[in-house]
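You will see two complexes here that share subunit A, one where it goes with subunit B and one where it goes with subunit C.
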Partner chain A sequence: MPLVLPGEQVPAAHVNLKLGPGLLQLSSVDGKSSVISTRAGDLNHSANRSKWWIDSNSRRYIPAPQESVIGIVIARSGENWRVDIGSAHVASLDGLAFEGATKRNRPNLKVGSLLYARVSLAHKDMEPELECFDAQTRKAEGFGELKGGFLVNCSLKMSRLLMDPTHFLLPLLGSRFPLEAATGVNGRVWINTKDPRHIIAASRCIEAVDPDGGGMDEVGVKKFLSTMDV
Partner chain B sequence: MPRPPSPSIPEKEFVYGALKEGLRVDGRLPLEMRTPALAFGPELGWVECSLGKTRVLAQVDAKMVKPPPERPLEGIISIHSEISPMASSDYELGRPSDEEVTITRMLDKVLRRSDVVDKESLCVLAGQRVWHLRLTIHCLADAGNMLDCACLAGVVALKHFRRPEVEVVGEEVTVHHPSERAPVPLSMHHTPYCLTFAYFPDASTKPVLDPTHLEQRLSAGMLSIALNAQRELCVVQKAGGVPLAADEILRIVDVAVDKAKELDKLVEQRLKEDWAGRTVEVR
Partner chain C sequence: MSTTTRSDGRTYDQLRDIMIVYEGLDGVDGSARFGFGQTQSLTSVSGPMEVRPNLEQPSQATLDISVRPLVGIAGTDSKALSTNLKAILAPALFLSHHPRTLIQIVGQALCGTESGSGLGSVGKGWNATLVASLINATSAALVNASSVPMKGVICAVSVGRFPSASAATLVLDPSEAELPHLVGGGCFAFLFSSALPLTPSSPDELPPCSLLWTNYTSSVVYDDTELRQAQALAEEGARKVWAAMKESVSNMERTAQCPAFNRFKSAKTESRVKKDTKNLSESEVDDDKMEI
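For the complex of A and B:
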């Protein structure tokens, strides 16, 4: 996994080449195209060398389509909602982009509501757009308003680790107390439990395991949890 | 960039509910302060103070100038603190937000107007040469309570700084380089520490000491008390916010006195450790 810096040329070549996050294809005048990196991090590729991507860490989210994010509603503009997802531009969410919504029957959102949404459109020069239903099935599938609970901010790498089902943290917390969590790839995690102490414990564990905040491992987290009254 | 969005409804409700039970999001007790960590630079008068993730850098510099004619016997102290977007994306350069104005005014009151440094000792030749001390505060990261961090960094930088020794013979002034003669510490009257308490809209919620960024945004009012370890109050600032009874304020002042004593012990210990690590040649 060599370390690359932004702007370096990457030897990615395959018949069905798929470029993941952090890589960009530039075509030059004479028809030859080259692949260069746009982020600093580890360069990875799949076993058959058809998929290439860069593993990097940062705190600022850059929207990409089909990613699940957590947003905060900040304003209403006509029929659309302006939602902050932590990116450079404020995203817009259509008031009807919910499962089973019609002109007469709309979800009742307020300024300050938390939403779990999917980025449907994201170009670097435009405002991103969100939708609150799954693309294929047009059903909610967990998207929509998040009520109660608490929001934790973390780095982007941490939110990707939390979305990985093999990561240890969420199952470990779930074995101690019942917990509901929604992770957005924009560095935000929503947690809901019955007891506020459990939410505080979960939030502190997430900050401790975050690579930016120390990167505690499983043994460390178990010791950390035993110091809190959970 | 426009003002950042206020916290979401779940965050607001959770923090208010937890504070009612006396629980804070980062696990501290309501009147517990984050332990300050002080780092000294290679130069004398360079201090980086961090309270958790809030970090402030302070540097003291001195040069000799001609004093203004209305005050010929005193030195000059000037404090520069401009908050850049480096601290947080909430701040903009050139347009001071409310918080920035509060920090600048408090720093002025705590470090300058409360006579921390003896200005008459900064006079070298009356009417012609005095020391001009310049304290520069850089706010590196804002995770709540930048005011306390900035005041602490400023005070420790003033205590850490050593000015070059000066010899005056008649009308001639000779400034000795630090390598020729050991530099001299500033003569300070007292050491003030600033402590900030945040109050919340619900009257039954007790105040918290050293609020984090989220607690600060959700607070209804803040009370800042600057005092020294000898139980002398320098500044009590409460700009608007929640109405407080007189005995509540006195209770808070008692809490602040204990914290100031702890801070004083910590600062003295760190300064001693740092000074022991520096080599001073004696010829």
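For the complex of A and C:
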């Protein structure tokens, strides 16, 4: 997994080449095309070398379709809700984009509500759009309003680590106290527990394990938790 | 080219120790401090983020660059430098990937000129080496942010010209002590990108580079041979800066400040912890020695 700077040539070549985040294909004047990196990070590729991408950390979310994000409702505009997902533009959520919602029966959101939503449209020239149901099944599948709890901000790489089922942190916290958590790829984590001290402990552990905050490992987190009153 | 050593013992083509620290400033998306020895600058980058309607552009991101000197308020020379920085960055970033957004860059000089170089206000000017450190700090901060797609990395170095009877005496990275003895000089900024065509002189490990901008001036008459020599010397120095940046990226996460760790230590020892600078490998400038 070599480290690359932006602007370096990447030896990606395959019949069905798919370029992931951080890579761009450029065509030169004489008709040849080459793949260059557009950000700094670890260059990775799949086993059969058809998928290539760059693994890097950042703090600013760029929306992409079919990603699960946590949004904060900031305004209402007619039938739609304006939701802040941390990107450059405010996202739009249709009032009826919930499971089983009709004109007479729609969810009662307020300004300041937290939502777990899926980005349905993300194009550089349009503002992003959200939906609160799964794309295939059209059922809620966990999307919708998040009631109560507490929102923690983290880096994008940390939120990707938390979404990985093999990462140690959430199971470790869950073994100490009952915990409900929702992670958005936009660098936001929602935590809900009965005791406020558990929420504080969980948010401090997330900040400590975050690569931006030092990248604490499992042993360190266990010692850290033992200093707290949980 | 003269082979005499300089006042600090360097050869004509030797840079001072390069220091790159990714500060991890709060509230911004990327930040970096770059220094040639004592000449340091700090830059922060935020974006792509929300833009005011009067600055919005329909097909590309807007660059908003502010540059601040160490002493005093930003005057005409700082404003001119931010305009130059905008012209340097525009070809190096893919601004069309994020239309109707803002990329906000703030550059801060971390040292004044104790010598009074004669450029701008005495003791407060932007000499060529400080300009080079600012451009490199901006480049490193954009690399740290990883949110704005970059065509390549910009590396800048300064070249100074000593007076001599015969041929021009050019030196790389003139220090503050050498500035009063120069009769000319300037900063050269290069873009290192594989999107540029390969030239016969480019080495294999580095992407090809091309000159983006220079402010080389001289108080004595010079010809284009001298300018080409200065550019060639600067290109060698820029390659070393690129290599230093590449090495620093592998330490990017480790050089960040760790607020959680410091709080953990204070919880354990139950006393106020002094915020210690994390940098283990690169040389650090002592706070006492920094000019305020």
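Here are some notes:
Keep in mind that, in the parts below, the second predicted complex is superposed on the first by the 223 of 230 C-alpha atoms of A that agree within 3 Å, B and C clash if a C-alpha of one lies under 4 Å from a C-alpha of the other, contacts with A are read in each partner's own complex, and residues count from 1 in each chain.
In the analysis below, a contact is a pair of C-beta atoms (placed from the backbone, for glycine too) under 8 Å apart; a residue touches a chain by one contact, two chains touch by 3 or more.
Fair warning: this is a prediction, and the values are worked out from it, not measured in the lab.
Shared-chain residue A:62: touches subunit C; no touch with subunit B. In the overlay built on the shared chain, the residue A:224 is in contact with subunit C alone; subunit B does not reach it. Contacts of A:151 after superposition: subunit B is touched, whereas subunit C is not reached. Once the two structures are superposed, subunit B and subunit C can be ranked by residues of subunit A touched, with C on top. With both structures placed on the common chain, the touch criterion links A:168 to neither subunit B nor subunit C.
In the superposed model, A:204 lies in contact with both subunit B and subunit C.
Once the two complexes are overlaid on the shared chain, A:177 sits clear of subunit B and of subunit C alike.
Once the two complexes are overlaid on chain A, the subunit A residues touched by subunit B in the first and by subunit C in the second are 204, 228.
Subunit B contributes residues 5-14, 17-18, 21, 23-27 to its touches with subunit A in the complex.
Of all residues in subunit A, those touching subunit C in their complex are 3, 5-9, 22, 24, 26, 28, 34, 36, 38-41, 56-60, 62, 88-90, 124-125, 204, 207-208, 210-216, 224, 227-228. Considering their complex, residues 24, 29-30, 46-51, 94, 97-102, 143-147, 149-153, 191-195, 197, 207, 242, 245-246, 249-250, 252-253, 256, 258-261, 263-264, 267-268 of subunit C touch subunit A. Across the interface of their complex, subunit B is touched by residues 72, 74, 84, 110, 112-114, 146-151, 190, 196-197, 199-201, 203-204, 228 of subunit A.
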